[in-house]
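Chain nomenclature is as follows: A, B, C and D, assigned in order of appearance, with residue numbering initiated at 1 for each chain independently.
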């Protein structure tokens, strides 16, 4: 399987679909562009998911979430990541590898999504907070992909 | 006058007080810390305003706003800054010089403030959008100072 | 004149040509790719110069350099920018608006160029340091454009 | 053991001492400050190592290196991290969580150290490249700590 396919498969396995992300792009951008379609938003998400940096970030972040779920890390850091301690910020930093390459519109949208946690972002955050699964890195990565797609649409 | 005093004087001249910024810190952080006081928020703002990088950013950003108001820049860039064109992102980048040094909590709060524009942030943004004054750089700098103070409080 | 043409005209006016930048790309990347040509490096520079964020950064940074040369800013900040005080870092921050969108290869190359100052970077830095002209922002912007072009070549 | 102690213990276990890092700070900063001592450089490194963000980054980055050595990640990403593929940039991004909070002097020094790889940076990079151990994240984290200490000294 090529890397791009692998990254998409991991997102699906962890409970995130293209549609989950595209609908948040549509919700946010319709007010700037009333003729925007769900198809255009899905295309924007697909385009973000094809970038090498994005693929690397997805695979690395989910690897950390999964290793944490399996208790494979040293106890101190395993506990910090599992609890998503409020002052732990490495998850947001990892997401910057996606956000940065899409410019400042992506950056401010990322900050907003990370605070407000709409739709799929809130859903996976809650699964993590309830300790059913570990999504400490995934929720920030998903916010970053959505923010990047928003920026892409604004620039086109 | 020393640089720190100069930066504060320029903020006041351009319509931004310590209290305007501290109240937004209090509003946002009370839910995490119900015993937080306005005095503690003002102290956090003062501490941010004492940092060299912050002083340099304030003086540079307001200098650009003022030069734009006076029509001193080449017509193409003067117009872009005056209109605060949606795809112009140099104002957010400048604000990163403040946000970055306060970690990821500052970063996500900055994104949120930049989208929602509460209180003083919205007030100066509106003065700019109505073309009464040019605040293209100032509104982002004020958001960054507030976000930095929030991060400082969260970390203490 | 469109914005892209304007940005290129300003670079030329301030003493920087496409060839000056492309030669540094070639020098640095030949060891990774011995068949790289000067034409490919010029093309990479041209591609960077066509990006909206890059155009905005060039026009804003040179506007600050020129306003400083003309003594149009408040005396405190005019002196800091004119002297390119070692602890003034807003010039590097502005350059990040270019570097960030080209990923981490651009980031590390930018840091290297900013320290070593080869070719055109050193030439304009020296003109600035000798107080003949003010190039506080321009030398970082030129380093950022070169670093971005290097990253583009590495990724293709 | 508290987190700060744990981070230092992991650095030692992975072959990095305070002295290894302090000597590179001294080497680089002596030309700006001829009376700088090794003790002052060690103190600067210690101060960087006491920051929460730095501790989190060290523990997360080494956890990824160790999980990779043990082949615990999915094969695709395990191979990318083990090989430190040139276009994999998540290691540099992680290091930004340290570099960003120390301002632009840290940023440019980080880029320089990452290219030139002096002393301990080159030593652990070589151990990684020779596939004896996996130090894909560690070499960037060590560069970031050194760059942060350099910035701290320049600002004091």
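The definition used in the following text is that a residue touches a chain if its C-beta (ideal position, glycine included) is under 8 Å from a C-beta of that chain, and two chains touch if they have at least 3 such contacts.
Computed from a predicted model, the values in this text were never measured in an experiment.
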Contact-richer chain pair [A-B vs A-D]: A-D
Selected from B-C, C-D or A-C, interface repeating B-D by over half of its contact pairs: A-C
Euclidean distance of C-alpha centroids - chain A vs chain C, Å: 32
Separation of chain A from chain D, taking each centre as the mean of its C-alpha atoms, in whole Å: 27
Shared interface positions of chain D, touching two or more other chains: 52-53, 87, 89, 93, 96-97, 103-104, 155
Residue ranges of chain B touching chain A (in the complex, touch as defined): 86-87, 89, 92-93, 96, 103-105, 107-112, 114-116, 154-155
In the complex, chain B residues that touch chain C: 1, 3, 6, 10, 52-53, 56-57, 59-60, 63-64, 66-67, 70, 72-74, 76-77, 80-81, 87-90, 93-94, 96-97
Residue numbers on chain D that touch chain B, as the complex places them: 52-53, 97, 100-104, 155
